[in-house]
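In what follows, chain A forms one complex with chain B and a second complex with chain C.
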Partner chain A sequence: MEHVSNWLLLAPAGAFVVSAMLLFVIDSFDPESKHDTLLAAVTTAGAAVAMVISAALLLSGTADSGVELFGGQLVVDGMSLVFTFIFGSVTALVGLASADYIEDLPHKAEYYLLILLAATGMSLMASANSLAVVFVALELASLPSYALVAYLKTNRGSVEAALKYFLVGALSSSILAYGISLIYAATGSLLLPDVAAAAGEASELYTGVFGIGILMVLGGFAFKTASVPFHFWAPEAYEGAPAPVSAFLSSASKAAGFVVAFRVFVVAFPIDSVAGSVDWVLAFQVLAVLTMTLGNFAAATQENVKRMLAYSSIGHAGYVLIALAALTGLGDQGLVLGSGMLHLLVYGFMNTGAFLFVALAEYWNVGRTFRDYNGLGKEAPVACVAMTVFMFSLAGLPVGGGFLSKYFLIVGSVGAGVWWLGAVLAVNSALSLFYYSRVVKAMWIDEPDEPREIERYPTALYVAIVAAAVVTVALLPGILVFDSAAFDAAAALL
Partner chain B sequence: MVLGAVPAEYYLVLSAAVFCVGIFGILTRENALIFLMSVELMLNAANINLIAFAFYWGNLTGQVFGLFVMALAAAEVAIGIGIILVLYRNFDSVDVTEATTLKW
Partner chain C sequence: MLIEALIALCLLGAAVVFVAPNRFAHKLAVGFSLPPLAISLYMYLAFDGSGNALLGGDIAYETFAQWLQLGSYTVNYHMGLDGISLPLVVLSTILTTLAILSAWTPIDERQSQFYGLMLFLEASLIGVFGALDFLLWFVFWEAVLIPMYFLIGVWGGPRRKYAAIKFFVYTNIASLVMFIGYFALVFGLGDSVSSTGLPEIAQALRAGQLGSLGIIGPDMLALAAFVAMFLGFAVKVPVVPFHTWLPDAHVEAPTPASVMLAGVLLKMGTYALLRFNFTMLPGQAEILAIPIAVIAVISIIYGAMLALAQSDLKRIVAYSSVSSMGYVILGLIAYTVYGVGGATFQMVAHGLISGLLFMTVGVIYNTTHTRMVGDMAGMAEKMPVTAGVFVAGAFAYMGLPLMAGFAAELFIFLGAFESTVLPYAPLFTAVAMFGIVIVAGYLLWAMQRSLFGPFRLETDYEIGPAALHDVVPLVTLVLLIILLGSAPMVFFESIQDATLDIVATLGGGI
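Let's turn to the complex of A and B:
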């Protein structure tokens, strides 16, 4: 029996939808509104409500055992709430920062609307318990993202980025759809628990069809998480898109891809039953190493800060892939999966903050390369301190939560008997320190090539950056509050 | 179980062939509109599987999901056409290899 109170568990997704609808109403009464603060405020408030409700539901333990809705199509459990919390916080930061960034641009209501609709799709992805819902929710998250990347529609870079993002996205979503159809062919169901029940038989009788289906689904998720082999849209899309949109895509959209991958692979394809047709743990081990290494090496050779962050975000996708690659059945598996969630949580703040700093630099027109950032520390010390925190936390130094979440990933992979994954992570983190500290050196040590004056200090953008930095630092001790929630959520799933 | 006179494997072969035609189109053509058509072919290859195996398994899940896929394909094309339109306005062409202001 489904009680009314169970429907309240979908309140985080509801908050996104309601605020999106509210923007529709505001826009139809007052098109090309002069009240752009109102639009940003509705977006930020809706996202903040989603974030608070998720945290409250998570910490109250209401959904610990997992509550199924719509005949099992959706499930709300600890993991889905952790991720709606991430989506809520990233959307709130991005909504706040956009108030200044898109100040002089047209079609503001549409911009915020698309962000909220994409966030709705992501929160449904977090709850999807059927391959049909996975596909629909993934498209609901992707389609607004394509349009958002093309938001600066007279800017060649933005349009080109959107084209490449769309081309790769459309290709990978059709691969995903075909993969889902093969899994349906082999198992006769789309509900994840039913697929799992039929998986053993399917991998014996229809080894090829089932195995190819699983690999194609994996490919679809690799696109969403910007992992090898579908990563190459990411540097283009993040570089060409408006910086707040890059922040949104690289943090929230990536987390959404991972939550679906976690649930589908852990619930629907139990490794014991499907090992006969395809060993996806091995596939993820290969992808994790490739993604980490490629992302970090490519980031180290960049001259453009935004592009460096884009490659670094591919590298971080590789770190989180360890959470799936270390599901070997040994050691504390809840720790492995939970540490992936925690890394995405911390990453949601530190990476969003870093891209919002790039948004600030774009707002000031200081240029895009490391050289252009020279001497910014003297003119904008507060923002540069925040950026320093983001950079060192992304590298894994103990100034922010990034240190602990990487530590958990290493501990988890060692415990699961794949210590070499942890070693690759450590080596890559050391390499990443090189290119992250280039930004810090440019801001604080180098002298600018030519003197410049910064005239305006945008309040909302500053508030968003400082809030992200404060949370990143606070998560260093604060992650110990969240970690049991994440580990329990992961253990409940396994 | 057999679908009338046609065994289920034949549907898999058909859908795989349609899917490969789509992939081929994406890899070889430079026109963005042809790309959209190719994606459409690939999605419809998935639909063939879904419908055929809905009969095979005797449940409606596949057919219903097939409807969802069609609706989403339409939505995707709508967004795609929009992006191709702004591409044309900025680059005076719908050739996907022309847009190279960023590194690929």
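Let's turn to the complex of A and C:
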């Protein structure tokens, strides 16, 4: 009986794997399938199952205390379930939207397969309880991502972006691997709880080795979350990739980077024990301020909507970094970390939706700049209302859950005594309204330069966008479904 | 549950109208605005609250449910009305219906989106006046910006994009400042409060439970929070020198949006000042009484003089709002029953009167396609009803007895004159009264030049009487203004009941 429930706990990851295998089978029997609806349906259904199971496990409290599997290599707890929910929802939306986006492109089965395998890697990242699993899961998530960015292989931008992404990714993976080896050298273990147990001693005996190891691990995560100083791949990769892949990377992949960072730093490097080597809370404070500010200011100067969203996604990584930067030991620490999770959850919907709208615009060939979006509101009012919701919610206006999760971060940081982080967030958030509202202004207020005619309204893409918008709005009152689960999960981790 | 019904009906209407065909969106919108109007009137008649909602009074139509748990704070869904907020809810529903009617003529493109946004605006406004938890209130407060941004930006005049973004950015930054101010108070109260609810915070503050926040002591914290919230709301009101967004927004906005902007949105600022600054932190208001009164008087006089200098009818009405809102601030800082009650009365009265004047200017513009005073003369000859209404509105503004403006200003002057909180109160009151003379000056002058004398207007348009659906809102508003002005006490008593507790702390007096 015990084994059954343990396997059930891994069911979200299982759902990803099974649907990936199903795609393998379909592709073997029917290569270059013309049944693209089937492929998209399998992907979306698999991801939706993962999402529903995660939510059910999370809300039923089955894994509240955390269940260790495979000798402690994996752990399923509230936090891992919150994040598998995020991965499931983002993958479902992206899978649905891709049905229309890639309808004229080859290698469809591979495309969906790579997305599902990356999602599998991400759900393992959420549960990884040892540095070895962290590394393997991270590579499992990363390698498909490189290929996905290069999916438009006849498109120069796509290939260039993938190459840049891959090179920076390979470099940061090696930094991470080296950091892990240094930590192993200093503590003699790869299991996160064991590292934590040995951290105090390691910090005294091997101050330099241990400290440099922690900083290198931090660098590896900064890459995955697109945070300063390893953010510069993000604008190119998000701009060059097919828009649904950009949505997937900037929402799910970023969240995956954060879940590992949350677990590794909170569990393996208790700040009291490692403060002698390196004060990572301080390091995250610096990174948070730099990432927020740089992302927002760079976003404000863009003319290309997708690139603006890419920089805004860096800005949002900065907001979530507050969740680690405010772990000062003061106030309600569960609130701090839990708000970071909630922000990623809301962000998963609103940012995915925004990139999917860009996918819709690419589908219509309307162009990429703000100017090209002029007057879209007249031709596609429903999609444009959804995009307006995404933009305002990203900016933190209270039309969607984005307002509340930012507010939680502010309350948490003030409670933790780092009110200035909250203030930087508030100011950045107010500034961000400027560039988000440019999209809104273009869609509804400005007149198009030349008349255009939209002929096809892709159903699946529309459904994905509208669903993302509905959930974004519903998360304003409805965040109460998740907030206590997230705060409890965070508190359990601390 | 009646407030929720109001909001839900408006939102439902907004959604239906938004996707309805342009052809009959206007009629559909009026239809959807009528049930909320009827419900709000019923709520006014069946009102059984007493006292101030923030200070332990009986809250009418209350709904309470826990929304979020944030560490040691709960955030609640808490709605309810008292004698201050109920009149403003009714004002919102009345003006929305009338503004939608007044939009039938001028709005000739993207009608369904326009009317959808108007109903969405109505829902947000009702939420602002009904919410009794800060976060809930803030959600509605910010939500108001969105429809107004589009109403100005899409259907406005030539410089609409500039005006819309200026309005949006100005008021959004102001919201941020105010938000920080309020949360400084919440954190300063520490463990003595367990929610962000307005009643709980107000009562804890008045019980003197404010502690230190970091190195800032309680007195300094309260003063800083007062200033931050005052600045935030002052932009919305607006008072000089934060008024510069207002003429741009008003001149560019389409008439129905101007009606809502002047009629209800400006009142959000004064309503919030009353609810937050003057109810929660009376001690700080007393300390800052002279600067606030100076700002009020400057707004009254300078706003009126700016109006005097304009030749665009819409700008005249827009600047005169700055002046009228100055009276509200003066009434509030007086901290007397008549002062605060009169200020609330003025909010409603000015909502009706400025709505009326904007609509009248709109009707004239629809026909003549100009708003310049110098371009027209003798309009009374061609448009007798509109001209008559304009005269009535102007006299209401000047404070002609038996009209709402007179009652409101009389209450404010009575209250301000007797104030024990404001030093040199008689002096401030006397200077403020002088503002009425300027108001009379610019309105009479503008009317004389545009309405009377021999008819003169160089235009290719056919000039004739306004359509019935343009005249109905105008006449309705005139009747309401006269009703309010001839029987002010009926209305004043419910307000007074809610303001007694506010003034009681500082000795009050009538």
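In this section, the second predicted complex is superposed on the first by the 492 of 494 C-alpha atoms of A that agree within 3 Å, B and C clash if a C-alpha of one lies under 4 Å from a C-alpha of the other, contacts with A are read in each partner's own complex, and residues count from 1 in each chain.
Assume a contact is a pair of C-beta atoms (placed from the backbone, for glycine too) under 8 Å apart; a residue touches a chain by one contact, two chains touch by 3 or more.
Keep in mind that what you see is a predicted model, and the values were worked out from it rather than measured.
With both structures placed on the common chain, the touch criterion links A:L190 to chain B but leaves chain C unconnected.
When the two structures are aligned on the shared chain, A:R156 is found in touch with chain B, with no touch to chain C. Applying the stated contact rule after C-alpha superposition, one finds that A:G240 touches chain B and leaves chain C untouched.
By the touch criterion stated above, A:S174 is placed in contact with chain B alone, chain C being left untouched.
Touch criterion met: A:A430 reaches chain C, while chain B stays clear of it.
Considering their complex, residues 8, 12, 15, 19, 22, 26, 32, 35-36, 39, 42-43, 45-50, 52-53, 56-57, 59, 61-62, 64-65, 68-69, 72, 75-76, 79-80, 82-84, 86-87, 89-91, 96, 99-104 of chain B touch chain A. Against chain A, the residues of chain C that register as touching in their complex are 18-19, 67-73, 77, 110, 113, 135, 138-139, 142-143, 145-146, 149-150, 153-154, 160-161, 164-165, 168-169, 172-173, 176, 179-180, 183, 187, 214.
Across the complex, chain C is touched by residues 331-332, 334-335, 378, 381, 385, 392, 397-399, 403-404, 407-408, 410-412, 414-415, 419, 423, 426-427, 430, 433-434, 437, 441, 444-446, 476-477, 479-480, 483-484, 487 of chain A.
Note for the complex: chain A touches chain B at residues 131-132, 135-136, 139, 143, 146-147, 150, 153-154, 156-157, 159-164, 166-167, 170-171, 173-175, 177-178, 180-182, 184-185, 188-190, 209, 232, 235-236, 239-240.
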